[in-house]
Amino acid sequence: MEKGVPMYLVTVLLFALACSLASAFDPSPLQDFCVATKDSDEFVNGKFCNNPKDAKADDFFFSGLDKPGISVARIDFAPYGLNPPHTHPRGTEVIVVLEGTLYVGFVTSNTDNRLFTKVLNKGDVFVFPIGLIHFQWNMGNTDALIFAGLSSQNPGVITIANAVFGANPPINPDVLTKAFQVDKNVINYLEQQFK
Amino acid sequence: MEKGVPMYLVTVLLFALACSLASAFDPSPLQDFCVATKDSDEFVNGKFCNNPKDAKADDFFFSGLDKPGISVARIDFAPYGLNPPHTHPRGTEVIVVLEGTLYVGFVTSNTDNRLFTKVLNKGDVFVFPIGLIHFQWNMGNTDALIFAGLSSQNPGVITIANAVFGANPPINPDVLTKAFQVDKNVINYLEQQFK
Amino acid sequence: MEKGVPMYLVTVLLFALACSLASAFDPSPLQDFCVATKDSDEFVNGKFCNNPKDAKADDFFFSGLDKPGISVARIDFAPYGLNPPHTHPRGTEVIVVLEGTLYVGFVTSNTDNRLFTKVLNKGDVFVFPIGLIHFQWNMGNTDALIFAGLSSQNPGVITIANAVFGANPPINPDVLTKAFQVDKNVINYLEQQFK
Amino acid sequence: MEKGVPMYLVTVLLFALACSLASAFDPSPLQDFCVATKDSDEFVNGKFCNNPKDAKADDFFFSGLDKPGISVARIDFAPYGLNPPHTHPRGTEVIVVLEGTLYVGFVTSNTDNRLFTKVLNKGDVFVFPIGLIHFQWNMGNTDALIFAGLSSQNPGVITIANAVFGANPPINPDVLTKAFQVDKNVINYLEQQFK
Amino acid sequence: MEKGVPMYLVTVLLFALACSLASAFDPSPLQDFCVATKDSDEFVNGKFCNNPKDAKADDFFFSGLDKPGISVARIDFAPYGLNPPHTHPRGTEVIVVLEGTLYVGFVTSNTDNRLFTKVLNKGDVFVFPIGLIHFQWNMGNTDALIFAGLSSQNPGVITIANAVFGANPPINPDVLTKAFQVDKNVINYLEQQFK
Amino acid sequence: MEKGVPMYLVTVLLFALACSLASAFDPSPLQDFCVATKDSDEFVNGKFCNNPKDAKADDFFFSGLDKPGISVARIDFAPYGLNPPHTHPRGTEVIVVLEGTLYVGFVTSNTDNRLFTKVLNKGDVFVFPIGLIHFQWNMGNTDALIFAGLSSQNPGVITIANAVFGANPPINPDVLTKAFQVDKNVINYLEQQFK
């Protein structure tokens, strides 16, 4: 049934709590807040902050606050929309279902690669531990809506299919052929989907 | 206009990510996850975990996962409902407005005790830094709804009025009279509201 | 008896371990030390350090050391002097009584808003957990002296009365009237004490 | 050329610095060391430690020390052996090449899914940032040997192919078909390799 | 002048903020506080806490509070008393001089093994960075008194002379002879002082 | 037997994961990585990073990656070579023996100053807890080789003999005479070895 379904069924709207260019870290704060400067050309770990005297309420609104240690994302699903298998290298995720019915799951690490799945309805909450591969799938023919909290303001996202078969430049096909233990034609076919 | 409005206009539904009895901490995890045991009589920092082999998907659902480092709360406001001035001693808060129009604010520490306020509409996001006093007020005559992410699974809540004038046993009235620099009758009147 | 007692009975002398202008954080150090530059115009998380080759003993003396993760404060009390209810948004406090007799207390979070109090004499030690509202009151007619250690070099101080009734600009009186459940005249009276 | 090469060409010998059953975390230690008890039936975050008086040198030898915050792994490669694309959900990895020539690489997160690769010879060092997908491949027809340090004593390993196509129970084929944008036959073929 | 001066001139009174038997760690708290149980026979990282309902003010008094992340010490010096070269493996130290005049110093790591010294008088504050070798010496013929704050409730103390020449059992004399590049007789002489 | 053995028997090759000039810290990262700029004249906690778009594989190769939270060292021992008693003020160390037979040990803190020793052979692993004094000695008449992982990219090294008897300027001989409880001639003799 997912045939013909366009790719961007899932809209992830991560509220950008940190400027995307500057490298920063998640320690304990030493001031009430640090409003990151927006117009700096420098890349600095530990961002430049504006003079606290110059802070204004808008700095906390969709939000220039540096290092809150947390971020929130709104994820909209079209009917049968999928947020495909991915990991957040730097954050645990907690989701709350606002609308719709979702089938969600995650796989543990190599200890046993177990799959945990659950059908979630409105009001349900589910947790995806840091770094584990997980997915969310709208099972119904209506829109679905979830909110996600992540334990870092820049948790990162690695969509498995894109990172493995759509890397730029591509990963050596010999590596992938051996890793997935299939014929090289299959790898070529997979890589063509992510060009 | 808030006269006659009943007290419990604001429903805060904190999704209980950690058992309330056990003491726990927010470090980096060393396993994929730890599902806290629910039936222990012991109070232990660093909870007892179930055998990972016995974990099941429901353990991640409204959620037994120990130490995710994050929690989410749904906050419902009746018309003109107020989430009164409070602090979270152990967490920064990020909110997202889903319905309604809210007037929100926080006050910085003694450096200057500045008040930052903002009127938020649907889709707006705002950040309240850790430990600072803040409030959210539904300005409209319709219900309002926000979701909050907090940077700890047990951030704590201290409602200022309740902690200061409704402590149990009460704080010595001489302390409060001097602290608020008013007549002792005023302190008595305030304390009576929180008995 | 506190009538007519002037306001600044309590002298808190926080040894300024970090420059007040620069935003900084409390992680684990990667060098023996970082002496923050004093004359920078920039606001930066993760301060500029002087060249370690240029460090001198005075840099560790009343103290330019960046990020020691700790600070100490000397607090002098006049007879019947009060350090009024306040919180440290970013630090746990340990005090040691050197002279005098103090009545101290703190209130737990909303779980039960319990008040814990104790009369402390010379040599006694007491702990105020991070973010909780607490106070110290000199019960005697002689001076008192305590030393406090705080688990951050910039723990912050929020004096409740000042932040709530003396914010700048003032918090909307409707918010405070509802929060403290009293007549608006009482709120006006309280706010006038902190102008 | 990798045809006919048996699967387990890569021997990863992770020196087990923590007991595998107990849940534990990576904070700062408060004692000189904590030797975890080996024979406990309890699962506890924050392990039981032996009485420090009973510690002996063997406790630090292949190593019972709890929470060292670090682990080391020896990885042996047969000729053309591959350590296939994988992530460590809880650790950054640093490797040192002792013997042989390796082709290594990692892919950044969804920002751009860029592939970084490098040919490493004896004495070379390379870093794989936390949570990113990476691989190491012995390019030569002789054995290769590397040592890896990881920034946690239980960094975890998720081999992408196994977690995605070999989860137990399998991930719903509709999810994988949509995620990899290929015919369901291809997914079935891939899943059969990991049964 | 220090000839004939008895050894225990320096009294370090570390206020014991954590039970000495239990292994514990310094993360962020998840409850308002955890009062460690005193009578447990178990050694556990992450201590057993008493039921918070059973806490009383005395638990915060000379102090049963678990994991405050900080400790304070009172150090009394007889005339010409020395707190000999030592390190704190798990804490930065800040001192405040209350009485007397002290000559203090610390040595940086192998980068250059530089000595930083300072004469401190009443009211002076000095910082000793984590893990560096330092000492405090009462230069005068009157008593001296300092208070120290340390950035862990169990920072540890390693007195260099005792650890190197008074270890139990002794370090192999060949190791010490080579390390200090002196005749073995000198090592034997030194070791005899610490038996 | 160690007579006549030249000093630099032990070659510690610490792979320099961080630029030596810039001050930096070990928190959790907020980006995939931060490649520190090499040519900056500024000293900054939280280094300047290059624009991530400009990163190349060589940045991860002997390694410009900022804040990996870990470092590795190769240590080569001549026959009977000694890595003399030292501490790492900011890191726990794990070693793996690749060649030779080593006698290793560490001393606990003042609780009891106990010495833990072990003879290690090829393949053995041993852990030295953060901040404790330890040593490694090649017992045999052949070369030995170990790899060490350290839980910080800048753990620091303090060689006890050098820091105590070779500080620059020298520690006051009265301090050392009293600390080691020996004749001042012995201190002078020791200090002469480290000039």
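Note that the chains take the letters A, B, C, D, E and F in the order they are written out, and that residue 1 is the start of every chain.
The working rule: a contact is a pair of C-beta atoms (placed from the backbone, for glycine too) under 8 Å apart; a residue touches a chain by one contact, two chains touch by 3 or more.
Everything quoted here is computed from the prediction, not taken from an experiment.
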{"item": "Shared chain contacts [subunit C and subunit E, defined touch]", "value": "B, F"}
{"item": "Required steps from subunit C to subunit D (each step between touching chains, minimum)", "value": "2"}
{"item": "Cα superposition of subunit D on its sequence copy subunit E - rotation in ° rounded to nearest 5", "value": "120"}
{"item": "Chain pair with more C-beta contacts, E-F versus B-E", "value": "E-F"}
{"item": "Subunit B and subunit F: spacing of chain centres that average the CA atoms, whole Å", "value": "45"}
{"item": "Subunit A and subunit F: spacing of chain centres that average the CA atoms, whole Å", "value": "39"}
{"item": "Euclidean distance of C-alpha centroids - subunit D vs subunit F, Å", "value": "26"}
{"item": "Of all residues in subunit D, the ones touching two or more other chains", "value": "24-25, 27-29, 32, 44-46, 52, 67, 89-90, 105, 109, 117, 129-130, 132, 156"}
{"item": "Subunit E to subunit B touching residues, read off their complex", "value": "24-25, 27-32, 34, 37, 44-52, 66-67"}
{"item": "Subunit A residues within the subunit D interface of the complex", "value": "1-2, 5, 7, 82, 84-90, 103, 105, 107, 109-115, 117, 129-133, 135, 137, 156-172, 174-182, 186, 189-190, 193-194"}
{"item": "Residue ranges of subunit D touching subunit F (in the complex, touch as defined)", "value": "15, 17, 29, 32-33, 52, 55-58, 60-63, 65, 68-72, 74, 92, 94, 96, 98, 105-106, 108-109, 111, 116-118, 120, 124-130, 132, 147, 149-151"}
{"item": "Of subunit E, residues touching subunit D in the complex", "value": "18, 21, 23-27, 42-46, 67, 89-90, 152-154, 156"}
